[in-house]
């Protein structure tokens, strides 16, 4: 990863101050303009009453991947509407990998999909998110 | 709450084995057929890069409220598709209250909305969830 | 209905130039700030391969009800994201009544739900829509 | 297109009895297991109050594409939940092309995305649909 790139610098600013993403152990695998790959491991704390990962775990991973992908262009974007389908369960110790892709980027809104897969590349969850672009810059050297 | 009621007994079975709902400090306020009220307090661990509750927190609360409401009829229901709009931020120490209501209950699917409000009864998030009813009973005295 | 009210005047401006809503025979039953009731009758042309109303019919009715409700405040709002669950079929000659309600209205976005029922007040479809408020006025006497 | 293939035969059965898809002038471009391409031309009747295609037009096209793609495996599938984002307007005489793809196919549910583009291959709408598989066969030679 190019740590001097704008997407990485914005990610770093956001992630450094994001206790929940850290608390769940999310790790960045890749970040470029409009896309982001994140990973986490399912710990015992993350299970629900069916002994599989709680739906909130894959959602949180997708929501963070959405945020990093949408903000990677350098302006602050906030989530408006998100949806997720939980397609396959993830057991304890399972690795979830989320890849966010940009489907559309207009003047004021952007649409992203995030696909979560397991170690066998099987789909665990499918997420779609719409963001609103506030136009405020993240990086001080863009404020001009 | 009537602790001998079927909705409460199913809730107890599910919640006793749901580490993530406990980990986030979710507390049951009320459970009846098709409806459920849950609450949590936003701790420092739950914040995101904007110093407000991560979207995964309100989603997790809604997803648990959906699960308890949908399963309260006594048969096991699994989530098919969920969507959430984050309408207002929740700060550290904020109290989130989620109320799940049944919009439709058919033979194989059910639709629920969950509204999350803060201490001032202002809306924080609006959630909609669709579940599939597997028809398997939760309680042994119904297996007949 | 108060035909001098702002919601009605905006509705009239929109509906007069809306061939598709007219083509489907949509009739206004009520319009107030943030809410709107529309009705249509299912004609033979509107059926699908199961001999029930095509999903596009209830969606179109909801989308129009959303538009009239969201624009009733006097500024132009465009749909960002909409979802619909088709809960019960509607046969030929069935009457669909859609009621749009405002769940949230913020500075730049608004969230609406639309419920479609049949003559027996049974739910046919549940719709949720998010709009973006462009801030442009509909009525000339507000341009100042 | 292979007119003896199961997907085409199921399509034919469905489309022959689908007045609304015909009424909107939908034309099949391609049908295979789990995927379908449909097209229509925006006529004056299809416009809304902004003089662009009504949201119900692209929705109807997507909903039909979803139905043909989901039923192409030979068993009857009904829509549970659908969502659409209208990304770019389509003017009168514009050609809309919808391509449905299968994201997931499980035992009881399937998830499809449909992308609608214009003549310049620009995205007009993004649709996601979840279906429930009833397991009933469409073709008589499969009833055994």
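As written, the chains take the letters A, B, C and D, and residue 1 is the first residue of each chain.
Assume a residue touches a chain if its C-beta (ideal position, glycine included) is under 8 Å from a C-beta of that chain, and two chains touch if they have at least 3 such contacts.
Just so it is clear, the model here is predicted, and its values are computed rather than measured.
The chain pair A-B and the chain pair B-C differ in C-beta contact count, and the higher one is A-B. Ranked by distance of CA centroids from chain C, the top chain is A.
Inter-chain spacing, taken between the CA centroids of chain A and chain C, is 34 Å. Centre-to-centre, using mean CA coordinates, chain A is 23 Å away from chain B. In whole angstrom, the spacing between the mean C-alpha positions of chain B and chain C is 30.
Residue positions 80-81, 83, 85, 130 of chain A each touch two or more of the other chains. By the touch criterion stated above, chain B contacts chain D in their complex at residues 80-81, 83, 108-109, 130, 132.
Listed in rising order, the residues of chain A touching chain B in the complex are 13-21, 23-24, 44-49, 51, 54-57, 59-61, 63-64, 67, 78-86.
Across the interface of their complex, chain D is touched by residues 83, 85, 87, 103-104, 106, 111, 113, 123, 126, 128, 130 of chain A.
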